[in-house]
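My questions will all concern the structure given below.
Lettered A, B, C, D, E and F in written order, each chain numbered from 1.
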Amino acid sequence: MDLTVSDLTIARGGVPVLAGLGFVLEPGHALILRGPNGIGKTTLLRTIAGLQPPVSGRVTGAEDRIAYAAHADGIKPTLSVAENLRFWARVFGAGGIQPALEAFDLTGLSGRPAGSLSAGQKRRLGLARLLVTGRPVWVLDEPTVSLDTRAVAMFADAIRAHLAWGGSALIATHIDLGLEAEVLDVSPFRADLAQAAGADAFDEAFG
Amino acid sequence: MDLTVSDLTIARGGVPVLAGLGFVLEPGHALILRGPNGIGKTTLLRTIAGLQPPVSGRVTGAEDRIAYAAHADGIKPTLSVAENLRFWARVFGAGGIQPALEAFDLTGLSGRPAGSLSAGQKRRLGLARLLVTGRPVWVLDEPTVSLDTRAVAMFADAIRAHLAWGGSALIATHIDLGLEAEVLDVSPFRADLAQAAGADAFDEAFG
Amino acid sequence: MTQPAMNSSLWSYANPRKFLATTERLMPFLWTAALICLVTGLVWGFFFTPDDYRQGSTVKIIYLHVPSALMAINAWMMMLVASLIWLVRRHHVSALAARAAGPVGAVMTVIALVTGAIWGQPMWGTWWAWDPRLTSFLILFLFYLGYIALWEAIEDPDTAADLTGVLCLVGSVFALLSRYAVNFWNQGLHQGASLSMDAEENVADVFYLPLLVCIAGFVLLFIALVFYRTGTEIRARRIRALQARERAGA
Amino acid sequence: MMPDLGKYADTVLSAYAASILLLAALVALSLWRGRRLRRDMQDMEQRMRRDG
Amino acid sequence: MIALLLRDLRLAVRAGGGFGLGLAFFLIVTVMVPLAVGPQPALLASIAPGVLWLGALLACLLSLDRLLALDWEDGSLDLLATAPLPLEAVVTIKALAHWITTGLPLVLAAPALGVLLNLPGPGYLWLVISLAAGTPALSVIGTFGAALTVGLKRGGLLLSLLVLPLYVPTLIFGAEVARRGAVGMDTATPLLMLVGISAGALALLPFASAAVLRVNLR
Amino acid sequence: MIALLLRDLRLAVRAGGGFGLGLAFFLIVTVMVPLAVGPQPALLASIAPGVLWLGALLACLLSLDRLLALDWEDGSLDLLATAPLPLEAVVTIKALAHWITTGLPLVLAAPALGVLLNLPGPGYLWLVISLAAGTPALSVIGTFGAALTVGLKRGGLLLSLLVLPLYVPTLIFGAEVARRGAVGMDTATPLLMLVGISAGALALLPFASAAVLRVNLR
């Protein structure tokens, strides 16, 4: 099933940021979102993940199929790495955590409290969570922040395996991930504020 | 005045992570620290900034000359961008905030509450803080996280201007900053745990 | 951009522009009517009514106390209705009207409490007693405080409207519960009400008519204030939107 | 003109004073904020129109 | 669902004794009352049921602000909202975990603290019964308050302001049961009301909490 | 230093009325006491000074957990520690800001709440005096507790646990002044002690707080 975004307008803090955006993400494919700081990538991903409603337009094929990874990883510092992962595995009703630990080279750290990990190690744990969700569509916001080159490669491998399995991935990033994927620059969709006045239902009345 | 680090051993959570590390950072120069995730770059920078004591070895030329920028930017979401900057300018007793705002293209955002900035905009604000400290040695931990290419270029310009003025910079990063600077890979200094048993004063007693 | 079909219905006043235009025309009349009623009622009550045989001249406090007590409750009712309209039909003006009414209701509650307390001093020999009626008013005041504080604390106006709307709903249920709880709690010790004036017995026409005028004055003042303040809130939101647009454009 | 309030004069007068003060403060604050925002909005709308 | 409950309990235990601390606060408030109002035994006995109830309420209240805020700050709530768990279940589980770590220990410890305040003999049983019937309502109402204020910095105090008036009916009926029990009066009516409030809050408030949380996550 | 004070005050005002909320909590605790212990005026009058002091103390306590924690979480504390301000000054300013936003409003509002609890006539003056003399100590001691627990998740309850015993002397002498004042007894001795505690805490505790904070920042 495709993830289809059509004619989407999204707003942040009451101001439209992107308008008229549309794309189709097929199983087995990855799409990389690019665009300057503050253009609205995070807002777009949150909308697709269903955390905030769009101003207009539709997102289909997202319901209960998305694994979302934001800037914050939802890691509990007092739980160990394995406990953190196991929790998410059970919430999503997916299988074991061993493959996820291995994919991100966390086996050696699995007993450590997550609070004592370095920035990059924490990030690896956050990414390993994706593997235990069993969800087909990964929606990732700057996933490689703080990762060293080896870890970026692990991440690219995980993505490739996910795509090969029939999953898909939507990734916002500023740096090169070494992935062969389509790139969508969202800059052309910046909302024209004069034109998009209708975005705020309240403001509409003032024409 | 040089920043000199000699024969430094540092520990994190009671475990030594880097040992025997030394370098000299002269005014007008930048030094880039590289190394895989979890090797101890953050720990090293915190030690140099004086936030934690070294296990052994010395750091000279750091006292009251360092501006430290960590992963967290110390930004108050309810204060505006200008208010945040002005606060740090007054704490450090430095001059106006206008040049800092301009260097990171924040003038248009200066009235916005900092909590409503995007990840990259926040980061730019965090970096602009360095300019208002008036401190000669910048110690930066992964400063370009979340920045787009234009902002990375702004950052590189700011560094170059700082070096030209006679300042120096110590930067831990995983990605290429486009700066002409010396690079120090800290991997060879990984603490040998068997040998470094003496590092912990308590452990020593057990000889 | 409003649909023409809506124009004929009452809901069309939920359009901010239309609301502003209509109230703009209405406001002078409302203010004048409120002022006339208030001045008439209070002057009549204060200067031209006799003293009560037992309570002496303190009975004159009734012209402030009862209308403000009534409005304190009615303002909350109005907020409840407005919140429901917002939650169900999502008319912004309705949410803003609820917000505008909050402080007015709170002040009415304070007036009822203060006049009651001042009245209690000669009548009951104490400023305050934990009489059920008084206690439930104090709790109502706390609900007002929480409601206002929540509005103030949230940045995004729609989020604030949603959250305060739900709070108003849940709060109403619990305010009602409190009312019964308080009655139950202080049943046996009911010391205050016996001293207070019994309505059927004492409120003769001499007191009753000016009291009615005062109540009308308070109602009109409430409406005028809520309309005016809703207009202010609409402008505040409009300014916010314009500022955001200006900033984003810059 | 002033009616004889007897021994309760303080009580009654303070009740009236307090209430009228509270009402006046509420009305004054509402009007003050209302006026200010009305002016702000007009300024703003004019500026937006001018700047396009 | 069980995974979430277990995680929350484990976090409470790990994070410096979630069990112990609510209790400790309860203990300290109870100890401070004689220090503040003076040590006369008769006076203390007459205010004991009320003070114990108030102490329990404040102990509950104090732990509320971290009930959802921690999950919000580290992004877990965003992730839970996209997980295959209805948000209604999430808030119910959260309230349950809060009750197990705070309410339940209070119920068990209350008799011991009654001794400190000269609680009269028959009061102990009724104190425990009233707390057992009332503390679930405190947790559920508290969760609603926490959901309302979750996005706000310094939400802690706003949370108390919002939650305390909501606690009034529970407090009145709960303290009334304990007080009547202590002096041997009939407790049926207030107990019924107390149970009614708990049951009603449990049945309805999770929906309000989930709705409010959804708004806050936007 | 002034920059820091102004920033903290501004933050308190911005973040949803730091001024109002401590006050609101005080109000609510005072309101809840009669609901819990019953409405008898004589009983209330006899416990009024103690309850008001306890309420003020709890209101102070409740706002402590965010006193340093917010600055810790967003990294400001790290940055302040490397700034040209001695950490002793930082904690003193923090305590001062806390007092201005919490202690001072409590002092001013206490008489109004005394009315609710039938506080006897002469009690008002002494209540205000004792609170004015005692609340600075509460803020300074609280800052010390906040510095001790700053790195800990769920520090809020641990903080109360640590701080409440430290509050005991202040509470005892403060409530004693208010109680004696209310019944017209001599208040000189406890008042002297209270002022002594405040002065001592103000002079010495900032050093302890700064030392503890330095350890926590490592």
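The rule we apply is simple: a residue touches a chain if its C-beta (ideal position, glycine included) is under 8 Å from a C-beta of that chain, and two chains touch if they have at least 3 such contacts.
Note that the structure is a prediction, hence the values are computed from the model and not measured.
Mostly identical positions are employed by chain A and chain B in their mutual contact, as over half of the interface residue numbers are shared between these two copies. Across C-D and A-E, the chain pair carrying more C-beta contacts is C-D.
Rounded to a whole number, the gap between the C-alpha centres of chain B and chain F is 37 angstrom. Chain centres here are Cα means. That of chain B falls 56 Å from that of chain C. Here the CA centre of chain D is 42 Å from the CA centre of chain E. Remark: chain A and chain F have CA centroids separated by 45 Å (rounded to whole angstrom). Residues of chain C in contact with two or more other chains: 139, 142, 145-146, 149, 153, 155-156, 182, 185, 238, 245, 247. Multi-chain contact residues of chain A (touching two or more other chains) are listed as 13, 71, 78, 194. For chain F, the set of residues that touch two or more other chains comprises 15-16, 21, 24, 28, 35, 38, 73, 153. Those residues of chain C that touch chain A in the complex are listed here as 1-2, 15-18, 90, 92, 155-158, 237-238, 240-241, 244-245, 247-249.
Contact residues on chain C toward chain F in their complex (touch as defined above): 117, 126-130, 135, 138-139, 142, 145-146, 149, 152-153, 182, 185-186, 189. Remark: chain B residues 12-13, 35-38, 42, 71, 116-121, 124, 142, 145-151, 174-175 touch chain A in the complex.
Residues of chain A touching chain E in their complex: 49-53, 64, 66-68, 70-76, 78-79, 83, 87-88, 90-93, 129, 133.
Against chain C, the residues of chain A that register as touching in their complex are 13-15, 17, 193-194, 197-198, 200-207.
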